[in-house]
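After this come two complexes, each holding subunit A, first together with subunit B and then together with subunit C.
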Partner chain A sequence: MPSSIPHALNTLCAGLILISAFAMVATRQVQGVTRFFVAQSILLATSCFLLAYSQHSTDLFALGLITIGAKVVTIPWVLRRLLPADFYERREITQGINIPTSLLLALLLAIFAEFLMSPIVDAAHNPVIALNLPIGLACLLIGAYSLVARREAIPQLIGILAMENGTFFAGIAIAPQLPIIAELAIAVDVALIAVVVGLLTRTIRETLGTTEAASLGELKEEAAK
Partner chain B sequence: MTRTVAFNIIQLLFVIGFAPLYSGVLSRFKENVQSKRGPSILQPYRDLWKLFHKDEVVSQETTWIFRFTPYLVFVIPLFVTTLIPVLTDYPLAFAFMGDMLAGGFFLAFAGFFAALAAVDTGNPYGPMGASRTRMVGFLAEPVFMIVFFTVSFVAQSTIPYIVQQKWVASAAAFFSPAHILLLIAFLMLILAEGGKIPVDNPSGHFELAMIDESKGLEYSGRGAALMKWGGQMKFLVLTCIFLNVLVAPWGLAHGTGVADVLLAAPQILFKILLFAIVLVMIETSLSKLRLFRISEFLGAAFIISVAAMVTSIFPGG
Partner chain C sequence: MTLIAILAIPLLGALLCWFRPLQRYAWFVTLSFSWAVFVLVLYVAAQVIAHGKVVAIPGWFEADGLSALILLLVSFVCALACVFAGGYMRHGHDDGRLWWFYANYNLFAFALLAVPSLAGPNLTWVAVELVTLFGVLLVGFDNTASSLEAAWKFAVLTIMGAPIALFGFFALFWAYHSATGGARETWDGLRLMAGSMNPALLRLSFLLVFVGFGAKSGLVPMHTWLPDAHSQAPTPVCAVLSGVKTTVPLYVILRFLGVILASPSARLGNWMIVLGLMSVGIAAFLLLQVRDYKRMFAYSTVEHMGIILTAAGFATLGSDSAAVAQMLNHSITKSLCFYAAGMVLLALGTRQIKEVRGLFQLSPFAGGALLLCALAIAGAPPFPIFLSEFSILSAGIRSGHNTAVAILAILIVVAFVAIMLHVNSMLFGKPESHSTAEAVPLSCRTAVVVAAIPVVVLGVYIPAPIHSLLQLAAQQLGGH
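After this line comes the complex of A and B, so read on.
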């Protein structure tokens, strides 16, 4: 297995997934963040297909299809339908933490993930686990970070979805026989999150004219009146 | 021994001879992509010919640095050429005289003198361009170093001839995250060091916006020709390091015959042509960054290179 072509291509996917995680942190435009998320999801699905092929697992193949259906097609489409176009052209200028610092923190998270996973990887003796587990965890942590650091609603949502991508990328390596029903449930869950956050954002924007999380403090005052 | 020295000389001639062609092909492609006809790919040769036949004017206020720098800028890329694989995949006579770090030092040395010469003239645009180039330079420095560290972790060596063999040992090694991240970081570095579009506009003629070009504004005649040629050779050398050492040693000569080495030349040129297409795609699809965004661009390159190092240190990378 280690020297076969599917494994080699899986390592390529792993590297590119890590890069797209960094790119999502570094991008200012909402549109750009969404594009990198779609790219990451395509890479994740490719990785699923490759592992399905090399491990002869139909579950993983189905998981790849679910990923494409949910994250590459449905979620971008739903968000695009729910939110007006100007939303996507927006640049996020006011950030809690500026981009270079964010990138450095993302790097620290990636190092932390590698460090944390190295004993498990040592014990596992499986090249796929050795590859997917640290990078999946790194994507999860970076997604969680952008959830905290971003100020706009859609990049925050993408942060949740990127966390989910990271979990899947680690998951397909450790538990290739994960029941398909669980995966379906997760996929539907994620799509629902997208719809709910999209609708909420739209309503908030209609009421307040902004979706910057920083200026949403006024919501409470309205309720108090 | 005499044979490897002869091959080294062939490599030097390759770099001297084809550097203007490379820059001509790049500018032609770029114009073609933008639906313009563009100059002939031989135009840089004509420019050099023209400049060598013009009189040189040197300001009285300048010192020896100004006169000395064009020769240095021309010669330094040739020193680096003796250290790196341009045409052969086995070490040549001077291969063990210095590693990739030495190549970096050499290029930095030329850059230092180019900046000094720009300040030397007292032309207001020169020092401005020089200080900007230094800014890009010191931001690029950590990326250079981390790339070298990663390479030395993976290959246990920083000699370019040894490094290049590591990536093609297996498909998994070639596609490993460390290698891919390293390539992207070094590509960003080449764009910055070569004054290409996200960082600098090589075809811009507006002095206030120049970064790399304004250093040579005061030169005329032979000095300008040498500066220009040296810059083109530096970019070709960086491309060779990228393509032959970091990407893969495909197309390099295995055999020790003269014919093998000469046959490698068109293959390497083809590889460079493919790279030129990628470069033109990058250059036409991106816009030039504002000056203070350059730190962000190179910061991202730094992050990617450190990520490459981390994935190569820990198991599984």
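After this line comes the complex of A and C, so read on.
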């Protein structure tokens, strides 16, 4: 299979998924981050379909459909319904660390993921795992980084969902036989996360008039007082 | 079938709370349903003690000793917190929104009960996520700036753990699948097959799950959401959060630890000891400088999670039974602590330790409850936490971890002194002349009295069924 067309396309998807993870770190607009997230989810679903085709697995095919249903259709729609339009057209995201430094750190995280996974990948002798496992971990780590660096509610939520994408990208390679009920439950859960955090964001905005997480700084140990 | 009923009842309760004509009786519905669940859990626990295991649907819903213990703790704390909520939530809350609180409360209880009833790890992940989600809604219920901030921190830090833990569960599935060739993944099967699974993969998956779920149970360094959430949420929710919500992800970690210890080449016991001691240490020193008494009890939760983890890291049969005993004692004592703290808050209307003086004169009942729970949670004899902490220390010495035991003992003493200093300054002294105490509602008093019974009794006498349940639970942790 390594030389076949599905595998080559899957390699292309893997590369594009990693690039979209970098793009999410580099983008300044809320709207842009959301679009890159949707693009990444479509790539993830494509990868699912390709693996389903080459492994003749209906489970993976269903997982691809679930991914499209949850992450490409439902989540962007829910966020759009819950939050007013000016949310997306608004100014740039404030960020603790500037973008060139962030990209450099993201690159280091990707190399670290590759390095961390190499002993396990070597033992597995499977080209799909060798591709998906390190890139999945890299997306997970980059997502976690953008969650920490960003100070705005929606990009933080998208960061969590991008971490989830990374996990699934590794998951379809290492656990393709996972029972479909578990996958369905996980997808429902991811959609619920979006709803709850979206609701919370709306309430915060209605009560405090801002969604900059940085302005949430009341609760801490006031040792200096 | 009882196990299914235990999960179905809170779901039905949530539906009834949504139902418009019943919204006025939401408290009554939740109260009766949660006590019904407690009775059913008692029945399940008795079955587990008699037969070692209860199977509702093989491979999906099963309960062994450890599950039964967690079910017992969850249902007891949830039922009692509901009694407390009856009087507490009527103060300063809009009656029209209370049904929403109780509907969420039922769903939260459902998710908490689902975690120990599930036989396989993947759906357990889903249930732990549901716990977090409904917890976020309950923490932010007050809709004030500080409660929303607490809910936001809670949401971001704990949901961030979810994909990390999921990665770990995928890796575990891979290891199990390549070792067995496609058997259904259950905790029992994992423990049986641990020896033939790839140890590097097992270690990786355990570390990912530990990071992901450690954030949810408030282990250092991912503990920062915990004091905020546990101080800003409505008090009955605090009792559930601190008493059992932190224990439930820790339960998953301990189950996983049982799998790891069954694999001879993937030992991680010393890591658990180091990470556990870190949590205890940071919490003990943060306890010294808190200014808010609800935050004080929240930090004490971080401390106890660390103690349980350290004890599990000693990995002997003795330390494991001490660890599960500590889980039991922490849950019952910590919920009592939050009921007492909630009464003080109702009576005096402040959360600051400095602004509370001479509580004994102002409200002897609240003062007495606070003194009792502070002594119990800090680990003074003859309370149950003293017993379990003592057996953790002695099991540690017997397994040869002398340095760890010495550090642990010092840190426990630091935490003891910190808690007693703060509580002392609240209880005694002269009350400020203008301060008066408001009457505490009857339901709150009832909850405190009922919660105090096991805390007092278990210190001097452990009934035989509880003893055998603890023994059964300890076997699941995989110590030798």
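Just so we're on the same page, the second predicted complex is superposed on the first by the 214 of 225 C-alpha atoms of A that agree within 3 Å, B and C clash if a C-alpha of one lies under 4 Å from a C-alpha of the other, contacts with A are read in each partner's own complex, and residues count from 1 in each chain.
We take it that a residue touches a chain if its C-beta (ideal position, glycine included) is under 8 Å from a C-beta of that chain, and two chains touch if they have at least 3 such contacts.
Source: prediction; values computed, not measured.
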Combined model on subunit A: subunit C and subunit B, fit or clash: fit
Which of subunit B and subunit C A:Asp122 touches, first, second, both or neither: first
Touching partner for A:Gln177 - first (subunit B), second (subunit C), both, neither: second
Touched partner set for A:Thr58, first subunit B, second subunit C, both or neither: neither
Partner chain(s) touched by A:Ala106 [first = subunit B, second = subunit C, both, neither]: first
Three-chain overlay, vertex subunit A: subunit B-subunit C angle, C-alpha, nearest 10 degrees: 150
First (subunit B), second (subunit C), both or neither touched by A:Thr11: first
Greater subunit A contact set [subunit C / subunit B]: C
Per-pair minimum CA distance [subunit C against subunit B, superposed on A] in Å: 18
Subunit A residues touching subunit C - in the complex, by the definition given at the top: 119-120, 123, 136-137, 140, 143-144, 147, 153, 156, 160, 163-164, 166-167, 170-171, 174-175, 177-179, 181-182, 185-186, 188-189, 192-193, 196-197, 199-200, 203-204, 207-208, 213, 216-219, 221-223
Residues on subunit B engaged by subunit A in the complex (per definition of touch): 170-172, 174-181, 184, 295-296, 299-300, 303-304, 306-307, 310-311, 313-317
Subunit A contact footprint on subunit C (complex, rising order): 120, 122-123, 125-126, 129-130, 133, 136-137, 140, 143-146, 148-153, 155-156, 159-160, 162-164, 166-167, 170-171, 173-174, 177, 182, 184, 198, 200-201, 204, 227-228, 231-232, 286, 289-291, 295
Subunit A to subunit B touching residues, read off their complex: 2-5, 7-9, 11-12, 14-16, 18-19, 22, 26, 99-100, 103-104, 106-107, 110-111, 114-115, 117-118, 121-122, 127, 129-131, 133-135
